[in-house]
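A, B, C and D are the chain letters, set down in written order, and residue numbers restart from 1 in every chain.
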Amino acid sequence: MTTMDSPAPVIRRPQQLAPGTVAVVVRLGLIACIAVLLSSLSPTFATTDNLLNILRQASLLFLVASGLTLVIIAGGLDLSIGANLTLCACLSAAAIKATSQPTAGIAVALGCGVLVGLTNGVLINRVKIPPFLATFGMLWVAQGIAYWFMAGQVVYGFSPAFRFFGSGFWLGVPVPIWVMLVTGACGVIFLSRTTIGREVYLMGANEAAAVLSGIPVARRRTLLYMVSGLMAGLAALIYVARLNAAEPGIGEPLLLPAIAAVLVGGTSLFGGSGGLFRTLLGATILTLIVNALNLLNVSATWHPFVTGAIVVLAVLADAAVNRGARR
Amino acid sequence: MLANRESPDGGPETMAVRPGRDQGTAEPLLRLIDISKSFPGVHALRGVSLEIHAGEVHVILGQNGAGKSSLIKVLCGAYLADDGVIEHKGRRIAIQGPADANGIGVGVIFQEFSLAPYLDIAQNIFLGRERAFAKAGIIDKAAMHAAARDVLAQLGLNYDTWTFAADLGVAQQQMVEIAKALSQNSSILVMDEPTAAISERESERLFEVIARLKQRGVAIVYISHRMREVVALGDRITVMRDGAVVASYRRDEVSPDEMVGAMIGRSLAGLKRREALAAGAPVLTVTNLQTAKLTDISLEIRAGEVVGLAGLVGSGRTEVVRAIFGADPLRTGVIRLDGADFAQRPDRSTRAGLALLPEDRKREGLALPLAVGENATAAALWRLFRRGWFAPSVAEKVCRNLITRLNIATPGPAQFVRNLSGGNQQKVVLGKWLAAGSRLFMLDEPTRGVDIGAKTEIYRLIDDLAKDGAAVLVISSELPELIHLCDRAYVMRDYRIVGHLGRNELSEKAILDLAVHQ
Amino acid sequence: MKTRHVKHLRLLSAALISCGLSAAPALAAGEVIAAFTKNQVDPHFEGVRAGVEQMAKKMNATIRQYVPTKPNNITEGMSQLEDVGVTRPNLVLFMPIDPKAQLPTIKRLIESGTPVLNYNDKAGDAPYLAFVGQDDYKLGYDIAKMLFDHLGGKGNVVILEGIKGSNTGDERKRGFDAALKEYPNIKLLASQPANFQRLLGLQVMENLIQQHSEINGVIAAADASALGAAEALKAAGRGNVAVVSINGVPEAVEAVKNGGLLAIAEFNGFKIGCVATEIGLKAIRGEAMPKRVVIPGAIITKANHSEWLVPFQQRTCPAAADYAGH
Amino acid sequence: MTDQIVHAALTAPAAALLRRIPGVTFILVGMIVVFAIGNPRFLSAVNFTNIGLQSSLLLMLALPMTLIILTAGLDLSVGALLGLCGVVIAELLVAGWGLPASVAAAMLVGLVAGAVNGVLVGYLGLPAFVVTLGTMGLCEGLSLVITNGDPIGGFTPALENFYRSTVFAVPTPVLVAALVYGLLSLLLYRTRFGNYVFAIGGNKDALHLAGINANLVHTGVYLLCSLTVALSALLLLGRTNSAHPSVAVGMEFEAIAAVVLGGTSFEKGQGWLFGTVLGVLAISVLRNGLNVLSVEPSLQVVCVGLLLITALLIDRNRKQASQNGA
């Protein structure tokens, strides 16, 4: 029923900032505040090494969260990213070991990720299973295949050429950070400068309207789940290269932090709003907080609590901003 | 104020307004004085005064967007009036929420259904009033279903009260909605177009019930734009236009023509029936189309034609355009555009030049959280940016052109579309298809919830489209609108096309005779 | 519509039956042993499973493996114990995920007449056939001491703990602390949980590196965390920091060989699996067996590492008699 | 829905009745047949007890979750809250508060969590997923902080004795879950509150227009869920005999899966409380049966995923079939 959604009263600020801009500014401000506070409290915080360290940890989280961000903007959800990452990592590591060709591993990781994403897309589009359950089911399937494939072993020891992606430096900056910046930039361009990117927002904001505007929503959705899988595959490569090993427990602990990074960044689960730069900020904030707690010698048992609090605060703040914008 | 329309010149001054004419004969049950309500961009109600008497049917007459629905919402507590006074039995009261309205005995039969899909009929009828059947908090289901059957029996209905609302057809849902309102034993019963979706037989039952209620002293506010019902039922008739009361009569002192005159008003009086154009080649031909619901639909629309698709709410009109557009799967049938087959999928249809303006603008037409610009180019991205690269500057230019061409009242493309008035929102949906360069426009209730100003502009636009050689299919529940706009019309009943009316055969009576099962 | 259902059901049951059949043991003569491990992630448990399988094959018994679907999931581990009670194997080899939680269930299993042998982790006080495992406290103590001696009795160290509340993790930590007390010039900079995980080991170490400019040694409660920490140290250009751990899975031993890790206290899942199976089987076949077998753990260094480089499947089970009496 | 099925059973043809039954029922029956063939002991009384015990806790979470999903929401915090309430009770028992006071404290914790979820979702209209994800983090974090990561044991054995007791050979936890089912179905199908739950998911505005404080009812559903979870902590403590901060994390996903398996939809307030019982049983029977048949551990993981997908696939096909047949 539409009777209750009474239009808001006639107040309009002339130079109103878009809520999206406000969200980004607030987050940048928060990061700046924490940074200022920490550098006054701990001399080691503001060192280049520490900042690069934070960014490198954030970059791994960002990569997992980036595909998820696209899916969430389009109004979906992907719970399979963690297990997908595990599966990609295990298969690609085995492929590299078997062929001693890093390229084989890269192909396997990306291919496997895309395939899992495609399956998600088909389950959601064709079988009409809600994304929550389709991807939850795939989580178990992918995890199970990874267990079966690895049979309790760890695949380890890779060539320096491959490990460069995870632990190398380029121009003094760790490669994962470059990967984050490049994929982030590609993603931002994809979302803002391609028609498909614009369609992602439309279908997230109102799927029925998007369908009736001639947007091939089902195909776009499959594409996004495939991109989400692709990013899981890419993240898997970076993880394997970084850890120099692949084991079947690698991805599962990453799911909830990735969702948290998206939400803390300010992408709404209602769909239709958000962006990759915000997820980058979200990942940075979460990493920064843990780093801060460590530097301040706060016990590690507090980390989940603080993370939970940050998620709640971010959601409340965005709700307040959006309410303000609606008036 | 976003609205840039000039207010309709002088309606209230020139028409015979006789409010409170019978004052003194009886104390009204409910009196509304100078009620006003505005939303961003539109004054929904401007100083509306109304008297509702016990034992009378007070018909409120007006076109789409005249303010009838807003008035009801104020009455039932869904909207809070910005200004004005409400008196109940001479005592000043405030209606601040549905509970207040219930407190003074206002019951409403909504046009948009207020049923919960997975509650059964009995539970829906007594939603919010279960206490009557509860012992120690536990509902006596048998008693509740018996009571529900009693209420339905008053309407001559024999529904299985255990059926979920979700499993009912539109007409049945409407009847349950009526039963729900009846069961409240309201002293003031508001009915918002209760016959829009039901058959003649069911309507007759309803009128009998209304007569009985009148005898019991219930005050009835009946909203309709069907002249036959107005004449048959109304003791008192108030005509609204553009958010204001323009005339108020007793039944015996007014002719239908006079009422139509008041309803349409000067602003539309100059707008005579659309001139027929020479029809061109067939643009759309549909042969023996069949879907899960529809049977045997065949129709043809030619270039330069405006064709109507009439029928009661729930007769399958929306399903036809959805099927043509490819939004619902076909079972059998051939749909040709310019004589050629095309894939029945919304994205292909869009590229082939079809346009669909959906019935429910907010749910299916617009992405409300997004801006005007994003919505206006939603259907045209493929056309504007053929290589897939999006250029904000191009999109903005296209959108600004549309804003000018359609006279959309908005500060700019960046404005959120939810902050626009209904009429301007509808223009954005239309603009979406203009930008897409469509040639066949299927418009499902194009003027629903739209004010008079925007309505005229939409009529003019439809005329322009036809003149430019586009084909237009219009669905409307408002028969004068269909007659005004269309060169000819198909009439539907029970998911079939039951008749075709040429330009000279088109009349309210002819349409209703076909649409309503005799 | 109906035929479609039937088709679905048929497909499903076919799938399930084939699952069941492929997993059902070949009807070999001999006893059925249910072997519990904690997860499918840590190679240590793969070592245990390999040892159990090899010895069972040798002694003509059949093994059924039980591992929770979610790593170290307590409630799942309990359900599996209950379910094993239904299948009534001849012998249960049991390691607790959480001794407190699982003790009552295991007691009822024993009461119902199923012999249970406790291996790998101590599982509280119950009438087990025997305990076969290693002394986690001593492993922790030995490896910490080895590191401190290597550092010349002075320097800054950090500890990467295991999962809090697990017997293994807590005992090892106790061993580290005991050794620490004996070396007054060794300064403990930080002790943080790394949950036996590689990624956590890496990230905790990355953060500790930022915090502390001088770290001389790292003690990790398990190989995975140690390997993660070693990666972090290497990436930060502090490859000279001595890292020690406990376990000795082939990957870590290779790191010892390459100098990535200084030393490992041997916690040998393969041997535990072999010996536990042998003792358990012999006990239910009526031989008198020791109640408690503690397999000593060597310190694996560059000098003696080659024995542990062999993959589990290619190793040969030791005889239980070698360890009886320890 | 129960009413509708009973009513259909009395009045409608069998086909209509069949259409109302969720697809998981067929899978459940199929699994029971397959498992019984695979191992006849699957049908033993002991195993039924196992399935009952293993289902009861999940059922305690999934039943109130059904109500939340009927309001088109979901609650991710139940697992973490269950852990937190367990920790609170255990901690206070150890501190000597006595059982009633400790349980009251846990109820208070549940009340606060439910109120936070309920107000943010019901009154502010925030997405339930996000809100409850946040409270999940808070609850899990809080229990870690309270326990410092260590499990708490050594409190009164009364809880375990209660958990292990039976009434006429039926385990008490099963009776407790049945009681909760009875109460909730009374609440859902025979009270005003129940009607409003369906109405919130189906048409919240209609409820509002009927003069009901729909937001309050909406909040009440979350409160009800959290309070049930707080009480369930007693079963958890009885089962695990100790309190672990993160023992139940992840159970929320299984609870949600069980609800949806049972035919409750995320939209329109469509659902069936008894379906949730079937969904929980399907998950428990699958896990139990795979254990009883000793299916390869990694295959067990895959099977859980396949169960979810297959059940929804069947429902989808039946829905399509019935639409096409209509």
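Just so we're on the same page, a contact is a pair of C-beta atoms (placed from the backbone, for glycine too) under 8 Å apart; a residue touches a chain by one contact, two chains touch by 3 or more.
Quick caveat: nothing in here was measured; it's all calculated off a predicted structure.
Think of each touching pair as a link: the shortest run of links from chain B to chain C has 2 of them. Relative to the C-alpha centre of chain B, the farthest chain centre belongs to C.
In terms of their C-alpha centroids, the spacing between chain A and chain D amounts to 29 Å. Each chain gets a centre from the mean of its Cα atoms; for chain A and chain C, those two points are 33 Å apart. Mean C-alpha positions place chain B and chain D at a centre distance of 43 Å.
In chain B, the residues that reach two or more other chains under the touch definition are 78, 110, 113-114.
Those residues of chain A in touch with two or more other chains are numbered 1, 3-4, 140, 144, 147, 151, 270. Shared interface positions of chain C, defined as residues touching 2 or more other chains, are 40, 69, 193. Within the complex, the chain A residues that touch chain B are 1-10, 12, 18, 192-199, 201-202, 205-206, 208-216, 270, 272-273, 325-326. Within the complex, the chain C residues that touch chain A are 39-43, 45-46, 49, 69, 71, 192-193, 197-199, 202-204, 206-211, 213, 224, 227-228, 231, 234-236, 249, 251, 254. Interface residues of chain A facing chain C in the complex, by the touch rule stated above, are 42, 44, 47, 49-50, 53, 56-57, 140, 144, 147, 150-154, 156-157, 167, 239, 242-245, 247-250, 252-253, 290-291, 294-295, 300. Listed in rising order, the residues of chain B touching chain A in the complex are 1-2, 38-41, 73, 78-79, 110, 112-114, 325, 327, 345-347, 349-351, 356, 358, 360, 362-370, 374, 377-379, 381-382, 385, 388-392, 411, 414, 416, 418-419, 421, 432, 436.
Residues of chain D that touch chain B in their complex: 1, 3-4, 7, 11, 186, 190-192, 195, 198-199, 201-203, 205-212, 268-271, 323-324, 326.
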